[in-house]
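In what comes next, subunit A is part of two complexes: it sits with subunit B in the first one and with subunit C in the second one.
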Partner chain A sequence: MTTTAPAPGTVDRPRTLPRRLVGRVAVAAGQLVAVSVIVFALTAALPGDTAEVVLGQQATPEQVAALRAQLGLDRPVLLRFADWVGGVLTGDPGRSLVTGVPVADELAGRLASTASVAGLALLVIVPVALAAGVTAGRRPGSVTDRVITAVATAGQAIPEFASGLVLVAVFAVTLGWLPATAGGGSFTGPAVLVLPVVVLALNQVGRLARQIRIGVVETERAEYVVHLRRLGMGERTLLLRHVLPGALPPTVQQLARVVDGLLGGVVVVEALFALPGVGAGFVEAVQGRDLPLVQGYALLFATTTVVVNLLADLVSDRLAPHREALR
Partner chain B sequence: MSEGRPTRRTVLAGALGTGVALGAASLLSGCGSAASDDRLRVAFAGGGSRENLDPHVVLNYVDQARAKACFDTLSCWSEDMGAVPRLAESWEVDPTGTRWRIHLRDARFHDGRPLTPDDVLYTFRRIADPATGATAAKLFTTVDLTASRALGPRDVEVVLTAPNFLFPLAWAAPGAEIVPRGTTSFERPVGTGPFRWVSFSPGGPALYSANPDHWGGAPPSRELEFVPVDEEQGRVGALLSGQVAYAFDLRASSAVSLGTDSRAKVLSAPGSASQFLYLRVDRPPFVDPRLREAVRLGLDRQALVRVVLLGKGQVGNDLFGQGAQYYDTAPPQVTRDVEQATALVAQAGATGSRIELQTSTADPIYQAAAGVIAQQLGEIGLQVVPRTLPPDSYYATIRSQGVSSVSSVGSLPLPDYIGRRMVSSATARNFTGYRDPQIDALSAAAVATPNEADRVASYSRAQELIRASSGMLVWAAADMHVGIAADLGGVEVARPNTDRWARFDRARLG
Partner chain C sequence: MTRRPDATLVVGSLLAGIPLLAALVGPLVAPQTPPGTTPLLPPGTEGTVLGTDVYGRDVLGLALTGGLSVVGLTVGALALAYAVGTPLGLLLAATRRRWLDTAGLRLVDVALVLPPLLVLLVLAATGRRGVLWLIVGAAFVQLPALVRLVRSAARAPGRLAVQEAQIQAGEPWWRSHLLEPARAAVGALAVDAGTRVVLVVTVLTSANFLGAGLEPTSPDWGVVIQQNGDSLFLAPETLVVPAVLVVALCAGTNLLTDRLLDRREYV
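Presenting the complex of A and B:
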């Protein structure tokens, strides 16, 4: 492999933002295609199919075969995948094999619940992580820093299922302050969302706080910050105008990973608290071998991840004023 | 800085604004109508979005409980699995066992229509129709719907193509609820039951209101709500936090811990679920009867009950249906004999053989049972390796693959169990490959005779054959646990599927 030096008199120009955006979108599209192929293949490889699940334990092999033919499950997997791709490309991701409900309607019906929990969790995570990360980062090595870091690590280490059970035991069962379950939509209102939001936030807030702390520590050590402090700039101004902006770009990337984490955590939390969201729907679709629905959920999750990461890249890019100049 | 490009400040402000908007929307979407306090809430594991309210297709316990709230059956199963009247006030059969005359109770559907013989005949027709996919279809295939007729406004004659002196047991089966003639949709179900349908969403809650005109009297609770909570710990939490007053199907460990909590009571119905170890009699290595006998003698059933069920169950004797009518108590209790079992394994040339034992998370008992069984059979020279399979396709998988598996069967009358699961035509639930024409003949003879002694003899012989050759080892009859609020009255200890089980029309709060 050889590299060619720029011709004399020419400039190696960095790719512009629109060009980078086009490139990223192309990569994202490729990722979505890969996800759909992998998920389809894995789901098709699972033992059992929708016909067996729908008909239950008492079904005869003849009944299962009849339903399998009715649902088109006896056709080759590749043919079914091609049909699905064709449907997606024409704006029709199909219908649930189990209920017959359009996939888009099924997803839309469950999205509100998940958006509530994940959105509120983000609203808790961001300010708490910011406060904890900045506090710890400004006094590295102090007792406060060590306590915050230890708590943040512990929060990350405890799985949602475990913290959920403990919180239910304390705040619902023992103290009776909060509901233990949403009962699949039987119980509504803000109180129902408190424990699910806290469980999700507990696991993710530490991740973000630690990144913010690292960013703050590094920025505090930067020469220009040391110099400004030496010149007598007030700590509040220094923090808001110089330290935080310097620490934010990597934090935005971490925030994208937190959103990814929330999507994973929401599957557990929705099962634990019987919330009728996309996480619970995804699990049910997999259990029912409901391929069009599984594909729909997988694409929804993958699209969210890709879009969030793309946005994070763009925002980071914008928040790093010297990036262009450094290239 | 060029005009039109977003600045760092506008990006931050935009992100903040989006977050706040999202949060506000989240809060609003989380708000809903406050739950009424004058409502009996009961928690069950749900059936997901494939649920519907068709009372003839009842795949899960929650389906049965909802059907029971909205509909009635002609008869019900008593605790010993006999038939007791419900919508059928009385009945009589002719000497041939093929003509049943049923006198109906004076009952009305929720829309005011009276219950008539036509409703009964329509129901039987719908259940027997293969297109319905009814749970109890096999029990009604011998009904001659052409010859069956109404004898009066409340009397119906049902004619069978083959004698069946136990036909009233079929009327009580889950999925045999009487529906109004002509019903094809159950989106807004109408029944004769103690509760009227109000609302339902598949996989979500189901709400019913008390039927003040019910023939059994108005239920004490003004409303009944089925709350789907799949996680067992969630049901326990909902019970103890006061969200629900009834939590169905709790683990033995939860039953133990709830037993010391003043806020709740535990109702444990003995002998509710027979626990099986299935051995394929049509595939090596268990095609060899010596190896099956070795496993039978190698199991320590007492230890299984003590460890897996925490003592909350009865030791099994390789027969289904402890406590039920026709259960054969004659065979001596099988006990562990490691020495003989080890010798049989050696005789079969299977010492050190690796045997896969299929298990699943489909039931919390299965994995624990498989672990203990593997350990016990290791002591007789078999290397048993549990393999956990996905829960939703578990029963289909063990029907078609493998050589051994664990499973369970809920409460059923013994004639129903043998007639629907043990006969040669019962392919759907044949997990060991066992088929014996003698069982078919004995089952047919048992239902065809008016003589009770002959029937008992037939069922005893059938059980003897099943016990000896089917490869179905019943190591226990587990209790079924229900947690109820301390102030909930009117709910009795009852096996699932029986008359008194999930009888919420008698439940009273406070």
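Presenting the complex of A and C:
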């Protein structure tokens, strides 16, 4: 790679935080625009008559024509897209084909349930991953490290529906300790949430723990840590004041992936445990071929991913600004 | 001197080996039940080992035949992803137009913000389900990572000197910019495939579990679990047997590839 001297007066200065912030938000906004195009293309603009697909083979031509008119399928694609985007921006992305409820109300009504499950899972995931990652990372190569790494590696690979079913079979069917599902209605008590939270945590703890372990191993090998240990600094102080602050910034990005994975995993977990959140709502909308709802949910999930990644970028920027300045 | 066997490798091989064996050899030896067999028979009755499911099919037979689609779909999706992603990554690496490279990458990155399962579910909602759409959808969501990987491998600093020498020697463009970089990327792609297998299995089996994939009568492990969802308390083995096979396949494959790719981690 060759480098050239900068022209006088154009010395590359690290971009200021407000400029970086504006840049990131612009990228996120671009991603959202692109995602809305993809979601619309997948649901409304691909070849094939959506109205026929939604109504099935038994539908009469009159019914198909009525639905085509209702969905606006007889209008040019670009106009339909502009209408839909306009609706999304003004908070009115249409109504459910099945219930007639506004899509925005349907999504808002289910968000609380999903947020509580994902939030509870995070409360379990972060401390467990931190404890496992630090324990493994401080003694790399030990039996404890090997066991933790193996369990984390295996756990992160298992699809939520499969681990969930095995846990339900053991703890709900065989032992009868916990309810198998929420029964499709509202929560009947905190016990209903135990298995969903465990299933979500099982999958995500491994990812975070492994990232924390790598951070701890690398920081422990850093010269300043070796030097401080030689000087006789207590292990507790060393860990809390030097090793963890050095090891944690890179895990912020992984934490973002965990949060994103939680929301993705919620689709399966809510369907499995009949929890009334956005994941189950999305699956129901897909099974009912309720296109306005499917579009709404798809945009919600993609937006969550974009926003979570944006926040992670900004937080890691704040924790380790020198890394960003070097980019 | 005898070396102690690596415990992670042994456990990984066993966990991944059993479902793989069931998937590949199982269809040849799977027991069948005649049409009209009583549904939800308990294990050990009427000549069955594990009983029957809601459609009266032998649960052991389903376990032995349902892995073939899991393996086949995964291989198909991976093959399509590499067949599309590799040339795309090579072209982005080969182009001299920087705007084209940047635009290509940004376009590919958009797919990164689409959760994989979401794509398959949206396709299913619009009537695009079945083997072909499962393979296309699962391959599509792998593209961003693949294109970036191939582009980086083809542009590795060590490659530049080789490429320059080839250009000076008068090698044709396709050889110096496509074929040789492709050869250089083979190692990175092989490593990537080891870890990508589990991601693809997860998204495909999850889509089938959610009813967004194969036909309801398919013996696929994910579909069988979905179809027998209401028999959890009546005949738990109809769900638990395929679920355990998926758990073992994913956990074992990840353990195995992780250990094989990173054998020096503990040294």
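Here, the second predicted complex is superposed on the first by the 275 of 327 C-alpha atoms of A that agree within 3 Å, B and C clash if a C-alpha of one lies under 4 Å from a C-alpha of the other, contacts with A are read in each partner's own complex, and residues count from 1 in each chain.
Criterion: a residue touches a chain if its C-beta (ideal position, glycine included) is under 8 Å from a C-beta of that chain, and two chains touch if they have at least 3 such contacts.
For clarity, every value in this text was computed on a predicted model and none was experimentally measured.
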Contacts of A:Ala271 with subunit B and subunit C, given as first, second, both or neither: both
Partner chain(s) touched by A:Leu120 [first = subunit B, second = subunit C, both, neither]: first
Contacts of A:Ala180 with subunit B and subunit C, given as first, second, both or neither: both
Subunit B versus subunit C as contact partner of A:Val39, first or second or both or neither: second
First (subunit B), second (subunit C), both or neither touched by A:Thr219: neither
Which superposed partner A:Arg146 touches (first subunit B, second subunit C, both, neither): second
Partner chain in contact with A:Glu284 - subunit B first, subunit C second, else both or neither: first
Contacts of A:Ala169 with subunit B and subunit C, given as first, second, both or neither: both
Those residues of subunit A which subunit B touches in one complex and subunit C touches in the other: 46, 48, 53, 165, 168-169, 173, 180, 271, 287, 289
Residue numbers on subunit C that touch subunit A, as the complex places them: 7-8, 11, 15, 106-107, 109-111, 113-119, 121-128, 157, 198, 201-202, 205-206, 209-212, 222, 225, 232-233, 236, 239-240, 243-244, 246-247, 250-255, 258, 265-267
List of subunit A residues in touch with subunit C within their complex: 1, 30-31, 34-35, 38-39, 42-43, 46, 48, 50, 53, 140-141, 145-146, 150, 153-163, 165-166, 168-169, 173-174, 180, 260, 263-264, 267-268, 271, 282-283, 285-287, 289-291, 294, 298, 301-302, 305-306, 309
Residues of subunit B that touch subunit A when the two form their complex: 6-8, 11-12, 15, 19-20, 22-23, 25-27, 29-35, 41, 43, 46, 48-50, 59, 133, 135, 201-205, 225, 227-231, 233-238, 240-244, 389-393, 395-397, 427-429
Residue ranges of subunit A in contact with subunit B within the complex: 46-49, 52-61, 63-64, 96, 98-99, 101, 106, 112-113, 115-117, 119-120, 122-123, 126, 165, 168-169, 172-173, 176, 178-181, 183-190, 192-193, 245, 271-274, 276, 281, 284, 287-289, 315, 318-319, 321
